[in-house]
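Same chain, two partners: subunit A is paired with subunit B first, then with subunit C.
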Partner chain A sequence: MLAYVLRRLGHVLVTLIGISIIVFVSLHLTPGDPAAMLGGSQASDEEIAQLRKIYGLNQPLPVQYLSWAGRVLHGDFGISFRAGRPIGPDLAHAFPISVYLALGGLFLAVAIGIPAGVLAAVHRDRAIDLTVMGLSVAGMSMPVFWISLIMVLFFSLQLGWLPSSGWGEFRHFILPAVSISLASLALLARMTRSMMVEAMLEDFVRTARAKGAPDRSVQYKHALRSVLPPIVTAIGLRFGLLVGGAVITETVFSVPGLGRMVVQAVGARDFPTVQGGVLLIAAAVSIINLAVDLLHVFVDPRVRYT
Partner chain B sequence: MKFGSIRWQTISLLAIILTFSLLAGAASAPAPSIGKRIVVSLDGDPPSLDGHENALISGGIVLPHLYDKLVEFDANSNIVPQLATSWTTSSDGLTWTFKLRTGHRFHDGTPVNAAAVKASFDRMLNPQNPFYRRTLFEAITRITVVDDNTIAFSTEKPYGFVPNILANPTASIVSPTAAAKVDFRTFGVFPVGSGPYFFREWVRGTRIVLQKNRNHWAAANNNIDVIEFRPILEDSARAVGLETGEIDFVTSIAPQEAKRLGGNSRLQVFNMPRVRIQGVYVNVTKRPFNDVRVRQAIAHAIDKKAIVDTFLAGFARTAESPLPRGVWPFKAQQDFQYNVNRAKQLLTEAGFPNGFNATMWVPVGTYVASQQISEAIADQLRRVGINLKLEVMDATQWLTLLRSRNQQQSNLEMTYYGWGTHTAEADYALRLVYHSDNFAPKCCNRNFYSNREVDQLLDRGLVAVNDRDRRAAYERAQELIWRDQPWIYIFAVNHAVVAKRGFKDVAILPVEWIHFRDAQFD
Partner chain C sequence: MRWKSLARSHSGVVGLVLVVAFTLLAATAPFITAHDPTRGNLRAALTPPGQAGYLLGTDELGRDTWSRIVYGSRISLALGLASVAFGLVFGVPLGMVSGYYGGGVDSVLMRVMDIFLAFPRILLAILVVALYGIGFWSLVFAIGVADLPVFARLVRSATLTYLGRDFVTAAKALGARDRRVMGRHILPNLVGTLAVQSTFSMAAAILIAGGLSFLGLGVQPPTPEWGSMLSSARSYMRVAPHLITYPGIALAVVVLGINLLGDALRQAYDPRFRGKDA
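Let's look at the complex of A and B:
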């Protein structure tokens, strides 16, 4: 087990190095000079040259990459072009916010999506099933941007229950969490339903029924349990997606998370912030994937890592 | 772990109930923001609150509260006292002497005297320090402490706009003792000035909170104790914030939203002039734009009024001169009226009776509705046979293309373009953009306009010692440039500001920053 974990961590490291190089190269290939953006349309050539020097953009690319990578290894993410300030504290501020939001969204998705899927499978082709599946199609196909605004108009403007933007208190957290949970919720509900429908036809379920196990026990202890491994994998993948992909939600609700920070930084060609942010997201996704694989030991007794 | 022993259904039901009870429990009305605390939205989180570092508008709106400057602009772009109570020019026009207010202190207790003001400028102007905007002040060659409350600025040649550049946010006076104690980055996060508000808190991406400085000489001029700035990136989110009452004052919003919010009886809309001109910028060295008749034809072919009414919802004014109103000495010119026949006639005279094809760059994210406006321009020009291919690009790519090339390399044919003049004077507005000394990449004459007479007038205006001579030079220059239409000027943008009713005397300045130093809110 330990050897396996160490080997996987090695893979994570290689992945991160690869990603950092890809991000670095693609940023530099993107047309647009960060110094030109920083200076604005009214800066003179001299001002731009000055900016380029301040941020080390006048050095050859490999030198720029290696000096960045060297600093990151020492925990220093460099200086933001836009803010002129170390990025570390800003990343440390934004990252937990994104994780917190992703966990909230995922919690809603799991807590509602899986039971809803089970319910739909058990009541297959009846009203409950059709309702759940209808809502899940809606949940997956409604654009996040639109549904977020609709929620703001309803819960903030019409009812005045929840703030429309901001961050810091629990009430700020609710609408964004619901907003990012919807697609995952719908996906988990559909996935759970279709796998449960198959599982309910399996021999072991019939056996459980035959021996007189109560319905709920059959549904949850036997059928759901058997389909958990792929669902856990899906949850893990969704989590990675939510950590880095909540850009729209974060923008609409003014949540100062990592996704919004990185997208703004791309627009401003704030290279160090993009590199640091993407590295962090990639690290989070890799570690979560590893964790999910390890989790399979618990949900699937057949899995053993050696 | 034994899944079998747990009642999963009960647990998920509990989770659902818990979730909904949290949803319901958290539902409480937004805290009312009455009295002495106001919440103001910003378009983005400012990169820094160091007065010397600022270049962005979002910072420019916070800074006037934290810092004093020697002088400030008023609503008509006149220079009014701030730390300096009076100033004089020497007869040769080479020395500007400012008398300082006595007894004022920075937020850390350091006295604001001539030595402190000089130290603040030395910090900003020192080439070792990372404040690239110092080139705005390159005319100033020496700063002298005359006595404790008198400071003098010297220039090599007469430069009539010294007070204008000293009114720029980059000339904010920072506490030299506080700035010396920490590195630049730390100072940008914990700023110390002498302004009517001191810094209380900055939660990154969420809020900047300032608290009233009761020892400030202007403290009695306003009744606002706490200002909370919140970066809100989306126009629609700012609009909802106003409608729910979470936000008291929105410093900028899309014109269409401002118009819609104007229908709300609890809100007031400010449609105020700014020093920013927009239009179509053409490379005057490239065929067919090297013919002035072609440029004038384009000017006649664009329905400026329709653009202002449709895409800016009236939050703009059709262009009247290369200078916007609010930049000294603005002088209105004869309009190139919307007239398709006249445009066709001019094109025929220039040898293009059937028009021509051209490419226009359209930056997104820098100017209001740039893409829609550019599409409208393309539609209108098609009527006179000019077919535009629009190349839409992000602001950084666009700026890089625009600025880095010299005349031989430049690919510019046409671009949607704007220019703001934060010093509110003609030298900055005209010399950088139209003088042939400032061809790209050196500076900002990026369409390679060259008119010897304009060059001479701009040189003369710069060194003229008295206002009358300067005014004459710049008024004539405006006429010549207007006739040449090196840009096809379309409109001057206005502020679109929306606030709760009850704000009085908020300074919404043409020079684009906004402050509450003298504002009342009930």
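Let's look at the complex of A and C:
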């Protein structure tokens, strides 16, 4: 058990180092001199040389990487090219917003997707099943940015019920959370259905039914519970994806999260901000995945941690 | 291909019809459009659908929406195909070598794949675009690079299941070289699995390409592309909602078709579904 936890921790550590190397090297693979970029188009050669010295850009790459990684570990992500101020506080401000939005989307996906999947499995091949599965394939096929625009068109412009952009109040939260949840909702409904269809044929489900347990209890207490571990894993993985995948939703609804920050930084060629945002998101995703794996061990006694 | 089981699934037939329809649309674009997709008539700007000979109306520059949607199918299908091909070309050999040889090569390759899988797909694409700029091939790389670890992992685990089988042992006993065992004996068994994954990957690739273009980091105007059409339509939502409606429908329908086809393929190749009606 302990050996398993330690080995998973080791893997995540390697992954985190790998992520940071990719993100670090990416800035140095860019066509053009980082020092010239820092200085802007007006800078003279002397000023650029000065900048190179200040930022340590004349040192060998491994040395630069180590000092950069050291600074990042202390929360120093450098200075934004665009805003001219440290990136760390901006990241610290945007990160919880993205997490909050992801949690909202995940809540909707779980609260609607799992019961919908159970319902479809119980009424297999009947109208309810076909409807749920049809909606779920449609949900996975529709582009997030299109659904978001349609929702703005309908709920904001035509009905005037909800604001089309902004952040801070609960009413700002509803449309983005729905938008971000749809793909995960569809996926969870499909997954729950297909696992439930098999679980409903199991002997222990038949036993539960034979001894006269009410339908709902058979479905949720016996069948769903037996397939819960892989579903919990899927939910965890979706959470990781939602934190970083909110790029489009955040842009459409002007939510000041990490995703929008990265997109705006790319547009402004503000590489340190892109680096910081991508690094933070990828690190969050791999740490969430670790948490899910460890959780899995506790949820499912059948998992052998060798 | 298992055409019979494919034909038995109704949704699979619908999917195939949709995919074929869009391929035909892309192939015959010049013959089924009356207007140039990039040149507009400013006096006819923002015409509603069905008026003045514009089937689906016009955009803010008076360009025909129908023509732009038809021509847009070309770039979406091309980006989807090319980025899946990229993932296949690099992912399949990597996964096969990893599974076949195992040991240190395997551990290192799979750790590297894990690192790439830690990046959400669209973010990885944005990072690549930020570095290499915008162009057809950099977009193919940006979108396809996320497929590489997916194919590599899939092929690795499939290779492992065939490694101990008698026909592989027999081929090795007859003195076949490693490359021949992998290419001639193992690879043909993976065709079904790869076909299924490629279909789903292509659907995802088309959505990511649309998303990148929507964010202004993909296909650039005036080239007709569904995501960038939706992006410019945002400014005219109140006066011309038709500009939002149609490109999105096109994108959703083509992705839906590919996903339905993928589902049917999966059922055709998955032994658990065989013999059952889907």
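The rule we apply is simple: the second predicted complex is superposed on the first by the 252 of 306 C-alpha atoms of A that agree within 3 Å, B and C clash if a C-alpha of one lies under 4 Å from a C-alpha of the other, contacts with A are read in each partner's own complex, and residues count from 1 in each chain.
What we mean here is this: a residue touches a chain if its C-beta (ideal position, glycine included) is under 8 Å from a C-beta of that chain, and two chains touch if they have at least 3 such contacts.
Note that the structure is predicted; figures quoted are calculated from it, not measured.
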(message) Tell me which partner touches more residues of subunit A in the superposed arrangement, subunit B or subunit C.
(response) B
(message) Taking the superposition on A as described, I'd like to know which of subunit B and subunit C A:138 touches: first, second, both or neither.
(response) second
(request) Have a look at where A:15 lands relative to subunit B and subunit C in the superposition and call it first, second, both or neither. (result) second
(request) Identify the partner contact of A:281: answer first if only subunit B is touched, second if only subunit C is, both if each is, neither if none is. (result) second
(message) Contact-wise, after the overlay, does A:115 reach subunit B, subunit C, both or neither (first, second, both, neither)?
(response) first
(request) Return first, second, both or neither, reflecting whether A:196 touches subunit B, subunit C, both chains, or no partner chain. (result) neither
(request) Figure out whether A:90 sits in contact with subunit B (first) or subunit C (second), or with both, or with neither. (result) first
(request) Return first, second, both or neither, reflecting whether A:153 touches subunit B, subunit C, both chains, or no partner chain. (result) both
(request) For A:241, select first, second, both or neither according to whether it touches subunit B, subunit C, the two together, or no partner. (result) second
(message) According to the stated criteria, A:267 is in contact with first (subunit B), second (subunit C), both, or neither; which is it?
(response) both
(message) Considering only the contact definition stated at the top, list the common interface residues of subunit A for subunit B and subunit C.
(response) 30-31, 149, 152-153, 157, 251, 267, 269
(message) Help me check something: in the complex, which residues belonging to subunit C touch subunit A?
(response) 11, 111-112, 114-115, 118-123, 126-127, 129-131, 133, 203, 207, 210-211, 214-217, 227, 230-231, 233-234, 237-238, 241, 244-245, 247-248, 251-253, 255-256, 259-260, 263
(message) Quick check on the complex: what are the subunit A residues that touch subunit C?
(response) 11, 14-15, 18-19, 22-23, 26, 29-31, 137-138, 140-146, 149-150, 152-153, 157, 240-241, 243-245, 247-248, 251, 259, 262-263, 266-267, 269, 271, 274, 278, 281-283, 285-286, 289
(message) Help me check something: in the complex, which residues belonging to subunit B touch subunit A?
(response) 1, 3-4, 7-9, 12-13, 15-16, 19, 22-23, 26-30, 44-45, 47-48, 53, 55, 130, 132-133, 135, 184-185, 188-189, 203-207, 230-234, 236-237, 240-241, 243-244, 246, 365-366, 393-404, 418-420, 432, 440-444
(message) Could you list, by residue number, the parts of subunit A that touch subunit B in their complex?
(response) 30-34, 36-48, 50-51, 54, 79-80, 82-86, 90, 93-94, 107-108, 111-112, 114-115, 149, 152-153, 155-157, 159-168, 170-171, 174, 216, 219-221, 224-225, 228, 251-254, 256, 260-261, 264, 267-269, 298-299
